[in-house]
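Chain lettering (A, B, C and D) follows the sequence in which the chains are written, and residue indices restart at 1 in each chain.
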Amino acid sequence: MIKVGVVGGTGYTGVELLRLLAAHPAVKLTAITSRSEAGLRVDDMFPSLRGRVDLRFVTPQEAALESCDVVFFATPNGIAMQQAAALVAAGVRIIDLAADFRLRDPAEWEQWYKIPHAAPELLAEAVYGLAEVNREQIKTARVLANPGCYPTAVQLGFLPLVEAGVITLDHLIADAKSGVSGAGKKAEVGNLYSEVTDSFKAYGVAGHRHLPEIRQGLARIAGGKAVGLTFVPHLTPMIRGIHATLYARLSREVDLQELFETRYQNEYFVDVLPAGRVPETRSVRASNMCRIAVCRPQGDDTVVVLAVIDNLVKGAAGQAVQNMNIMFGEEETLGLTALPVSP
Amino acid sequence: MIKVGVVGGTGYTGVELLRLLAAHPAVKLTAITSRSEAGLRVDDMFPSLRGRVDLRFVTPQEAALESCDVVFFATPNGIAMQQAAALVAAGVRIIDLAADFRLRDPAEWEQWYKIPHAAPELLAEAVYGLAEVNREQIKTARVLANPGCYPTAVQLGFLPLVEAGVITLDHLIADAKSGVSGAGKKAEVGNLYSEVTDSFKAYGVAGHRHLPEIRQGLARIAGGKAVGLTFVPHLTPMIRGIHATLYARLSREVDLQELFETRYQNEYFVDVLPAGRVPETRSVRASNMCRIAVCRPQGDDTVVVLAVIDNLVKGAAGQAVQNMNIMFGEEETLGLTALPVSP
Amino acid sequence: MIKVGVVGGTGYTGVELLRLLAAHPAVKLTAITSRSEAGLRVDDMFPSLRGRVDLRFVTPQEAALESCDVVFFATPNGIAMQQAAALVAAGVRIIDLAADFRLRDPAEWEQWYKIPHAAPELLAEAVYGLAEVNREQIKTARVLANPGCYPTAVQLGFLPLVEAGVITLDHLIADAKSGVSGAGKKAEVGNLYSEVTDSFKAYGVAGHRHLPEIRQGLARIAGGKAVGLTFVPHLTPMIRGIHATLYARLSREVDLQELFETRYQNEYFVDVLPAGRVPETRSVRASNMCRIAVCRPQGDDTVVVLAVIDNLVKGAAGQAVQNMNIMFGEEETLGLTALPVSP
Amino acid sequence: MIKVGVVGGTGYTGVELLRLLAAHPAVKLTAITSRSEAGLRVDDMFPSLRGRVDLRFVTPQEAALESCDVVFFATPNGIAMQQAAALVAAGVRIIDLAADFRLRDPAEWEQWYKIPHAAPELLAEAVYGLAEVNREQIKTARVLANPGCYPTAVQLGFLPLVEAGVITLDHLIADAKSGVSGAGKKAEVGNLYSEVTDSFKAYGVAGHRHLPEIRQGLARIAGGKAVGLTFVPHLTPMIRGIHATLYARLSREVDLQELFETRYQNEYFVDVLPAGRVPETRSVRASNMCRIAVCRPQGDDTVVVLAVIDNLVKGAAGQAVQNMNIMFGEEETLGLTALPVSP
């Protein structure tokens, strides 16, 4: 059994992680920390866990995280980078669901996150946990940077096109739509039911923190070539789900359907739809699947890719468990085979 | 492995049943029938099943249902009663998710469902599949009547009070609220998104078909005493979930919290909340749980019970699988332990 | 033109009031106060008002409220009672959308609102603004207590039955469902989109502040007789709307349909539906209408009344404008005739 | 008073038109036709109109439409083109909310709508009712083609850029999101609540009928230059609202904010937001407003325009009333000044 600790289990990625870990056959959940909620039963905060998670939130001191095999950080940005070094030194492997280890360049991190990076030496060794690209490196990672939700959908959508070198890279467009759970469980007016329901808006148009993460990932896939990207995220009145609509210009003829099917034929969690179908976010709800369609409207040279994930699963907690499975030599799908919930 | 056939898998209880059966470790899914969709891949209709259900809809003739161990009917009312006799004669056990075998009295059935009952002899032997009441009889049932969604929530809510004889039975009130999936997948204007969203209404106030089912169940629990019940169902803008708010007048003093906790202490799928808590439907979403709270507002002699289920799971497909487990000697919880999806 | 000031225009009842007042032909909106937002353009907070409300939030000091004809308080409970006396002394009439002047008895107010009442002398003269009951007194009111949202729906629903003396009063049941905007615009986790969507729950079961208000109102209508009431409010995933489902036991035979139609035949804002119809909350969305149906399921002696309003309009801002119209001798419907928005 | 007839008032654009016309001070509503519902009271179908529309649906024969001043067609595509000639000959002016008169070229119409055009001679004289472009021609139109919902938002968003000639026209991208009411009131499984809620998907990617309409409109604005456009519509879980996210490449430097503000400074129904703000669809809900923001993420040469409308108002019924006002010499805003409903 993998001894697992969770730091910061009070948000939506936290409770989703607990949902998955509590049913995972190879996991022993040993501690869930929360400074603010220490002492509270976890299932008092999350009644959906009643009967399944028999733990209380504890302080980091009580948690004895150094005796865990792996610690998940489901914390705000800026926490994991402060605690990772000590845990790694104690032989604990780290999976950070926040952004602390996603950007390679500490200067870029500081530019977007507005504080200096606390562990630049770990940044260098951290592995970016997009298994469909980095599976080998993930196996031995000590510090794993779990990808952001938008970056997961956008990168998986562009990946076959960029790898195959069939599009121009200077003016990519990612028009992405997210459910509201992506904004977290913070008590902010903008996320209130009556603010968000029956409405639709863009946000972060001038510059969203996932922009440099996507750009870095695509550039790596492109073998280091620079990538020009316009990224516009939108808030959609649904709880879960990300839908990325991607636009690129083809630089040469290619069988798009075959390209995508071939690239993902061995990827359990990426499902390329038959030609002519479009993915719905609900077809992946509560599951770790990414479904993708590719098309070329009116036969023009603009290719359109549609990629959907559940932002809390493949976009966060599920992908983190997938990474844990890889890191600990388990079946990659272990604990992640519950079917999507639809309707 | 239990060889399972499904008749009528194109509705919401159908796809929910497939979701559960496809992940059930003791089930071999052999055939899914649909006259109208015969030949279509099941996952073409339900992309959420892609990679998990590798079957096509077949006609009843092609299905060879008589070689199954059990056949689920996820059909409209009036179908199972026509096909059950032949299957039972062939040694196949039947689990009907529709209403065909729920009412004991063929005359009452005809009064509410407007057609004569086609198999009154099976009606007499059919077992009402509310495991928390009838577990023993379910074990050997040849024809199992899976309870309706409202009746499940309402009966589980009133059960401890009626069994203990602590309320007057002549003026019970069940004010019940259901998500829209309870109305099924029929293409009707009344169930369109724009008709139902951001609105709330009662329906079936003059008389809903679940009324006689609840009345019959409560009367049986009451040892045959007549039960007076006003039942008002409401349509709520959510996909899944039933919330039953039940009102009764206490006839003698009793520790309500203890009564409920004791009655349900050995029931895995019924969770009595601590005093002072109220259940939310989302705390059981996509799971087979029923959560219940009981209270006595302002210390008056009116007792209020709040009971929530997912109408597609404990109110339909999940309860059907629970019954199958009991009928075939499996662990009652097998294949039903995925945690609720929340948020 | 009626010179109008608004105290506390930053919440949902505030913006709804501004929506109605900005289009009201007899109103000149002179000041909107907010301590926290002073200086901010009102339409910066509420883009829906752009081009229609050309004011900034001001401090109470800048507002010169004493020169208004009427001041609306769209504030939290406990504010209006502190400021009302000075304004009344200056000849300004007060319409309080909060609860400060709703309960006659200062002791009961203190019991439910947990602070002593600051203006018990005004409490005595305050008029309860349910025009369908108190129209005459409203005309001359100096301090008007605008009814709560639940109390409006519940009282209008029970009113004909109680006035006619055809039900027993000791065990009334009001099972009420509200949209989320009723909880206000406070940044609280419980009102986040992801907490409330696709879920349903009761709250305040042990005792909600609208209980004594309803009980007081019904007792007054009953000529002072005591009223026993169980009131269970529920939170429904919709923005606007209250649906009250009311249960009472008939004490004598009566033509319920005729009783309701006759009682409300001259009330513009109360619409009794034809027999057999049920009201939907969306049929009153964004309007000041209350729609009501009455029925007697299965011919039993339990009468069921269904009443719907928009909690922000007839349940708050619209009713306040209706009261203003009455107080200032305008047509009662002035500025309130925009049709409901449906779908 | 303008004598108004409505053909086909049973859908969502129909009831929205009735909502607006019933409150319009210069309109006398004389007949609403529906073959299928003839004889039914209009407010029996639409309870939101109770007390405000005292008409029954009538057959076209009973309607005496030739005595109207104007007839609105809120019918499916293909109806208006059959009836328009006779009405025009009788001196009645036509406003078609369907697509029959939107495309100039009968061959292109037939290509996209799959039936030959029944009135090509009227097609030639029909005026495209986008007042912000064609106000003068609208004044004297006998046959007015009311623009589609997507085309309204997309054209208003691109308009200043195309008119000013500051973008390249060969690879425009319109990523558009619509509420579900845009799909109409047809009883189709795809529009059921449980199919659409908590999900997001694209549709019509290969080719949507609004594509040629937008292309034609933009080309006209561009002085006849060809326009290359990729148009991807999406279905969003909300009732009302269209959000168009538009992407174009700048061909020369320009002050985008000033360009947009100047272009729309005299347009009552187009509101250019201050720099840095983004529009929400709810800020125009139930109103005839279009709100627009323009920005240039990261200072790149890709310009992003965000435009929102209510698809049933500015995208259908409201724009139709706006056009009627212009055609009959009324104030353009008459009957269209109710404020947006938010929240």
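Rule of thumb we're sticking to: a contact is a pair of C-beta atoms (placed from the backbone, for glycine too) under 8 Å apart; a residue touches a chain by one contact, two chains touch by 3 or more.
None of these values were measured; they are calculated from a predicted model.
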> Which one of the chains is farthest from chain A, going by Cα centres?
Replying inline: C
> Which angle of rotation, from 0 to 180°, maps the CA atoms of chain A onto the equivalent atoms of chain D, to the nearest 5?
Replying inline: 180
>> So the centre of each chain is just the mean of its C-alpha atoms; given that, what is the distance between chain A and chain D in Å?
In response: 39
>> Distance between chain A and chain C based on Cα centroids, please, to the nearest Å.
In response: 45
> Rounded to the nearest whole Å, what is the centre-to-centre distance of chain A and chain B, using the mean of the C-alpha atoms as each centre?
Replying inline: 36
> So which bits of chain C are touching at least two other chains?
Replying inline: 12, 179, 181, 194-195, 197-198, 237-240, 279-280, 282, 285, 343
> Mapping chain-to-chain touches, which pattern fits: line, ring, star, complete or other?
Replying inline: complete
>> Per the contact definition, I'd like the list of chain B residues that touch chain D in the complex.
In response: 12, 179-181, 185, 187-189, 191-198, 237-239
>> Considering only the defined contacts, which chain C positions touch chain B in the complex?
In response: 171, 173, 175, 177, 179, 194-195, 197-203, 205-207, 211, 228, 230-232, 234, 236-241, 243, 245, 247, 249, 276, 278-282, 285, 295, 297-298, 300, 302, 304, 306, 308, 343
> Hey, which residues of chain B end up touching chain A in the complex?
Replying inline: 12, 15, 19, 22-23, 46-52, 181, 197-198, 239-240, 268, 271, 273, 277, 279-280, 282-287, 291, 337-343
